[in-house]
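The chains carry the letters A, B, C and D, assigned in the order they are written, with residues numbered from 1 in each.
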């Protein structure tokens, strides 16, 4: 799989991810509540999206041709806010108002309060459906944007995710990408103890997706997996008609597409991650699923990050 | 009086939707494997590219509609009222209402007049659920003409709506067309003794009740409350002041429906004795529509009875 | 008055549930990956074989509970109130309510006092939805003592129930224990000028309002309506007759909640001026619980204000 | 795979299925409404269950050790009612009250009205969850009953089905059997046009089930597939503990169990069927998904059935 960006500075993206992690921790500590674990596990992927893969313009959050990013696991809002601020959608000072009365930075992402947010989430299971709708709209309007949706692994318990998955395959939404932040934990404990997801990649494949499993902290793998070609609806229309998706011209390349025999399938990325990634005492420690670090813990965490710590 | 039967309101919906489709390219339609019953099939036939059958997966359908609306489309989303509201509720709450997106939901086969299919397909709580979605408008038209007006109003209304339509042919209440306005009661008959408020199929029943009462010398005002939300509180206050008693009738559970909305408004602004006709904490069952309406007390007779009870209290 | 803070009602629920688990082997518990928050964790720890974590899949959880109940178990089913009611509603409707099965649903983090997590986690419609399930009893306890009594009553009650508990520590209203009975209001204070009806956290606010009113020479009766359904219509009729005005306060949307139930009963039996304190067709937002209660008007002050308005109308 | 019943009279079962079909058509015609298509496609399986595989006693509908059958695709109620009547749960005369005011034979199955019905259904997607609950109760109480749940293929669009599937695998419910009546149609048309289910067997396998595909009208295949061994919880407890299902002693045998490496997985049977099976003008004619035959159509259909017609 080749990316459309000739030269990717992976180190720059790694630095960006580290900055996101720092912002996440500071903002949650300032708020006194929030979800560090799942924000940190997602940071590398979010960095790769916002600072590399997404076509977007902070001055035009409603640009019709923008690539979309939906954070279906809405409790990881801090990492989204950190990315939006770093891109210049709003002043970074706003991050300190997270979860405060009147702040646009609601506890979970809110379209109503913060327009660059693509979907209101927080009740798990809903984001992929919204993504299907945005991807359908793109096809209907013949636009070449893509829609990226990030889900939690625990979130994949929700039946709505599989309804959405089935419908995306049915409508041949090659402009839709699902990213599962597979950090192995949900709220009450490890996913395989609470509700075993079994072979997750197989599930997505069986639901008609082009599924790959990657190391969600290996920036090269992340960047490669996210490089999903833009849809060429003209070609696909010519090849298949309107009601069902079809082959996307010659735009798809690489191993995954080959394996799929060039079929017009949406892409699922199972990103194996570490919950709390980047802070030694948060890694794999599900206590930090939903609690803020104390002042002392924050200092230790920031020091680790500054030192390059576990993040690299 | 026996009013002539017109089209089913779902049929009128389907036709109005296809008509709107011709005028407004931004309208798209989603259905949950019931397009032959909800009558979105007319739109689907004419605009196959703008019609999406989402299969038997109502929750996903609601979310997909949210995504389409986020991209500027105006989705009309249909299924049986029971499945649409009861299975899509959390998605309406978070993906649509909280996000403030412009999605129109139209539930067909509302109420118990769907008949033989029985409880699982009968929607007796859809209005209560829709009213519990902040920002949603809620409309329940009485006949084909009202439906046509309501569907157009829904399309014009900036924001999410829920519209309930029904399965059986509906008695014609507006032979000359319906001047429906969002948030406005329609007075179908004037009277100074008591007010009958109703919507959907119960409007015709209320008119029949008013005629029965007239034969007893009681002049009943009849208000069609097709606009459940926003509610015409001024019309209700005037009715309370001028008639001194109100009966509300709906093909719905008493809990959370039109009657409860009217009761709160009247109690706040101008308390008068009230009566309520609807399902009192019970589901119905299988049977012919008319049989069910009779057995579960959704009739002109029950409305008239309640009116007499209210009149006795008001005196 | 500042009432001492007691346990959160969800905490009291968790403890009462574990206690019941010791007495009744037929009780099983299901949770949707929130046992650390709903406090079913106590039961889970003590009775791991009778505890089923169903993951983040509320619809399935409700159906599984129905199957367990069909086989003679008495399932208590918990999640956040918002997810439990909004995602499990159709399953409660068909698999539980229509089937008449004995399942107990306990939604935690009810209302907006959950605070910072924001709208998606705040349940402002759970009572409206639960009331729209024929045959369901609906209870909203005010403090830890009331919760203990309500949870035991729910276990004894033959049939499905919904109980709402809250996240924050709750002011103690029943320091000497609560004699809760299904279908019975609890009079916490007598008074002849106006009646304040409330449940959940709003009971303490109503008591505070009554004290403020007393300082103005107004004697308010206070009724804890922990039993939303069945509703104590006799107590309400007496209150209407004896005090001439009623204010209802709830941490919930006005549509379909306690206020609407009280309004219908009062309008039917003894119309008097009423006032309603609750969320008027709006979600809240993120913020500290006290800030939110103040901003959205769920306060003793608002209750007292409404009481004054009602008094002016009643005179 | 061997069945526990040494001699199965397949012809008797075929006759029984034909009788069910006749009763279905008569009852729907009398009612003037109902769903013939999906009742007919399910008739052979329902016959094999009620007249062969299920351990049940019409005189004790609440027998705690009874095998359970849940008709999740509740609109096929007529075939269930026909089987219950034929087994003697109630007088066959009652069948003519289908869908009438006051009849226990509601349009969709109702526990409240007809106690031998195992679950109230009609809103698609719910029955498998109830089955999971009944299967869990069986394990909890150490009973050796099994729970059979019949779903429609269109019904598999519902996310709740996949939530239930995931939870059944998680809890190792070897006493649970899902049967998909894969007749290729849903209400609005063919499943692959309305919402493509893709490779359905793969989906169940990916969700942790022991899935097999059979011809749902080949009585020998049907009987073989339904012969799921009774659970031996003592053995499975010894082998695996309480919280998760484990190997079911030596009770499982045959190709499927072998392929599964003896794993404790619930069984999914994808039964390829013909909608409207047994009546030439109803077969594959989705008009009869939800409409009653006219008097004339009924006569033609009954004549076909009597002649052995398309049913064999």
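For the reader, a short list of remarks on this structure follows.
Criterion: a residue touches a chain if its C-beta (ideal position, glycine included) is under 8 Å from a C-beta of that chain, and two chains touch if they have at least 3 such contacts.
What you are looking at is a predicted structure, and each value in this text was computed from that prediction instead of being measured.
Any chain bridging chain B and chain D, meaning touching each of them, is among A, C; the list is complete. Between chain C and chain D the centroid-to-centroid distance comes to 40 Å (mean Cα coordinates, whole Å).
The mean-CA centres of chain A and chain C are about 37 angstrom from one another, to the nearest whole unit.
Residues of chain B found to touch two or more other chains are 54-55, 57, 59-60, 82-83, 86-87, 90, 93-94, 98, 119-120. Chain D has residues 110, 120-123, 125, 157-160, 163, 166-167, 170, 195 in contact with two or more other chains. With chains as nodes and touching pairs as edges, the resulting graph is complete, every pair of chains being joined.
Residues of chain A that touch chain C in their complex: 31-34, 74, 99-103, 106-108, 110, 113, 120-125, 154-155, 157-159, 186-188, 194-195.
Residue ranges on chain C touching chain B, taken from their complex, read 82-83, 86-87, 89-90, 93-94, 97-98, 119-120, 125, 128-129, 131-135, 229, 253-256, 259-261, 263-264, 266-268, 271-276, 279, 281-283. Residues 64, 110-112, 118-123, 125-138, 140-141, 159-160, 163-164, 166-167, 170-171, 242-243 of chain A are the ones that touch chain B when the two sit in their complex.
Interface residues of chain B facing chain A in the complex, by the touch rule stated above, are 28, 48-50, 52, 54-55, 57, 59-73, 75, 90-91, 93-95, 98-101. Contact residues on chain C toward chain A in their complex (touch as defined above): 31, 33-37, 53-57, 59-60, 82-83, 86-87, 116-121, 285-288, 291-292, 295.
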